[in-house]
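What follows is one structure encoded as structure tokens, with my remarks underneath.
Which chain is which? They are A, B and C, in the order written, and residues in each are numbered from 1.
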Amino acid sequence: MGVVFDKISTRDAFGSALSELAREDENIMYLSADTINSVGGSLMHSEYPNRAINVGIAEQNMALMAAGMAASGAKVFIATYAVFASMRICEQVRTFIAYPNLDVKIVAGLGGLSGGIEGVTHQGTEDIAIMRAIPNMCVVAAADAASTKVITKAIAHYDGPVYLRLGRGPSPAVFDENYEFEFGRANVIRSYGNDVTFFSYGATINRCLQASEMLNKEGIYCRVIETPSLKPFDTEMVLKSVNETSLLVTVEDHNIIGGLGSAVAEALCGKNLTTPCLNIGLNDHYGVSGECEELLDYYGMSAESIVQKVKAKLK
Amino acid sequence: MKNIRELEAVATKIRKNIIEMSYLCKRAAHPGPALSCADIVAALYFRFMDVDSENPLKFDRDRFILSKGHASPVIYATLCEKGFFEKKEFNLLRHPGGILQGHPTFGSTPGVDMTTGSLGNGLGIGLGMAYYLKLKNQKSKVYVILGDGELNEGTVWEAIMYAPVKKLNNLIAFVDKNGFQSSGPCNDILPQRCFLEQFRSFGWDAIEIDGHNMNQIIDAIETANNSVDKPTVIIANTVKGKGVSFMENDNSWHQKILSEELYEKALSELSGV
Amino acid sequence: MADEITVKQAKDLAKEIRIKILQMLGNFGYGHLGGSMSIADLLGVLYSGIMNFDSSKPRWEGRDYFICSKGHAGPAVYGALTSVGFFPETELLKLNRLGTNLPSHCDRLRTIGVDMTTGSLGQGLSVAVGVALGIKMDELSNYCFVVIGDGESQEGQVWEALMFAGHNKLDKLILFIDNNGEQLDGKIFEVNKIDNYVERLKSFYWHAQLVDGHDANSIIDAIKTAKSVKDCPSAIILKTIKGKGSFAEGIFNHSLPVKVSDAENDIQNLLKKN
């Protein structure tokens, strides 16, 4: 089945939403570390050059400046790549943004394997795990351009730290302008039956949708649920799915340690349930250079591969 | 406005407060590094800074960041003198339930403008504040005190690099150059013999003073406050543990508990001033 | 003055490196052309006789070390390494393809002849400092060469490394700064102006020189001077042009599409030049 890609990337969708927000709220600031063009800042910069600034290749200074501005009343968006957003500035985010609960949004382009041909140094495949472990931090991931716009506005209206994971190039289009987002709420996208529940976010949603169509044809009826809010997490939806379906499957462009798979396992912990759970993602290894879609296939996240794994687990 | 004599008297009070809380809390605080910048903090809060203990978060206030956050007793001592909280809080320094954390914590202590303690981060925060306040056409100044050892941290240099680019003349940094860091004399580790040249080469105005001479402190801050388009750094030559004879230049007082005997001795020395 | 043969060898190698960069990126269709081309002359100098190495023994203990801290210039490094025999030229066509040994950014585990994985800016100099410290402690005669980008020098970690090297008198460490005046978001002076490297580096106890980064003669002489300086690490600031020798000079060229026709055109122009 053919995949339709968005016309614009999630980064540019963010940038478009940001510039609208900046017109409405003069307290909004945007800081980049030589990423003003590559993570959505150029539109806002063209209108408000003093409010969308580039601090140079100095990510830690960017995070600290954001803390200082937020402590002075600003609502700040900082933007860099996921690997730097979650690691290079991890301490600054934890101690100076999250601990004082300051209104800073950490926007991370090139999440997961979308760093693609740049290779491991630019692939942020542990970011969700790291950010989830920081108290006060909300963790959100957007799947496509339409949902990115909605999510960007939603996180702007929240007063506190948020990590927003985006991709790189145009994503497979999944949602439209009617998309709704709420912190702590998962979205049921498809509900064919009670055999399998897929949980996923970001780049792998459309692969779960494809897999569910393929399984449908073989009489295995699935639900597909998007979890854009990794923290706070919709544990109720997990428990509901466990009660109503026979197999939970998580699929993510992330290490299977610490991300969505772990969030689901945490929800099930101590509940004495017997419904099996299958975690699909990167099996605790690094990526390699390659195109993003190609790498997701390579690492066992093609629709065909997902179908095979599900059928093997159901046996 | 307080004159030199009055400011020196305030500095002595602040020193006494530092010693008191370091003893009363019965836990290892950092008296040495706090004492070395007491004169500067006294001058800032009692001569220059617009702050209000009734309204600690008022938007048009001046900001102060103790980037060398382990010297927290100095800011706590000063804020107490300014009426932000009561002296009884000294007993709970570094205790659960107290408002005085081991390192300054934004939101815990009235009057503290930002969390610090992890070295190297305060100047970047101050830079962000200075930028935003200037953008909002505020007259506020942002004062940041750094340790000399702290300048080992690369994040400080990122901020040093960027502040002049944005012409942040409302940002004033101090380097409390007491010659020591946690593991020993700075000169044995990563000596910085030429801060003036370094800062100037990055585009700052730089002044060097005796950090215990109130006249020089006042003059330097006035000069810095009048800067037209550059941030200013004031390199203050200081003595770690200044004001208490057995602490001066003894790096074991970087962090140590005071015995009752030494506590009495310290207080009596400071009362004799 | 460097002797004529040395200069000619360096220039010839630089030309070969440029041709290979264009072949690689033209074949893949996209890449970091600008920052690769700007250091081609430096690599021509280093790999044509200045650096000690043995392409049959990539980890030979007697080698000089080279770290390309601006790891996105991987194509330039690969061009040099293949030209001097570290691996066959056929590898070049696999740049950035799935399973390649030549990824976008330098990778020590994948590419023969690469001493350190880089790509996350600001870190390579610290690695080089570690290498140079080891050389000093063991009283060896190896040199450690490292190249950083000028935009990269905005990273605070670079200054941590500079501070350590200066204090510890690491005189077997030679740093090149590729001063091409541009970074991902545009011109350096518009982002975070640095125009006085020599002054800044001297205040950190480094010896510093500023040279034309496309003149092999000047680079060779500067390295000789650097090697003669004792008790002090050396920096050589290379004034360069991003994209030098390609169609992309003067346009945004940090990373861009490269058409086969444009690449071939440039290659022809390079071949015509002396």
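The criterion applied here is as follows: a residue touches a chain if its C-beta (ideal position, glycine included) is under 8 Å from a C-beta of that chain, and two chains touch if they have at least 3 such contacts.
Not measured: the values here are computed from a predicted model.
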When I count C-beta pairs in contact, which pair ends up with more: A-B or B-C? A-B
Which one of the chains is farthest from chain A, going by Cα centres? B
Rounded Å distance, chain A centre to chain C centre (Cα mean): 36
Between chain B and chain A, distance of the C-alpha-averaged centres to the nearest whole Å: 41
Whole-angstrom distance, CA centroid of chain B to CA centroid of chain C, is 43
If you look at chain B, which of its residues touch at least two other chains? 154-155, 158, 161-162
Touching two or more other chains in chain C are residues 154-156, 192
Where chain A touches two or more other chains at once, the residues are 55-56, 58, 60-61
Touch list for chain B against partner chain A, complex: 59, 63, 105-107, 113-115, 117-118, 121, 123-133, 135-136, 154-155, 158-159, 161-162
Which residues of chain C touch chain A once you look at their complex with the stated criterion? 30, 71-72, 96-100, 103-105, 107, 117-122, 151-152, 154-156, 183-185, 191-192
Chain C partner, complex, touching residues on chain A are 32, 34-38, 54-58, 60-61, 83-84, 88, 117-122, 288-291, 294-295, 298
Residues of chain C that touch chain B when the two form their complex: 154-160, 163-164, 167, 192-194, 196, 199-200, 202-204
With touch defined as at the start, can you tell me which chain A residues reach chain B in the complex? 29, 50-51, 53, 55-56, 58, 60-61, 63-69, 71-74, 91-92, 95-96, 99-101
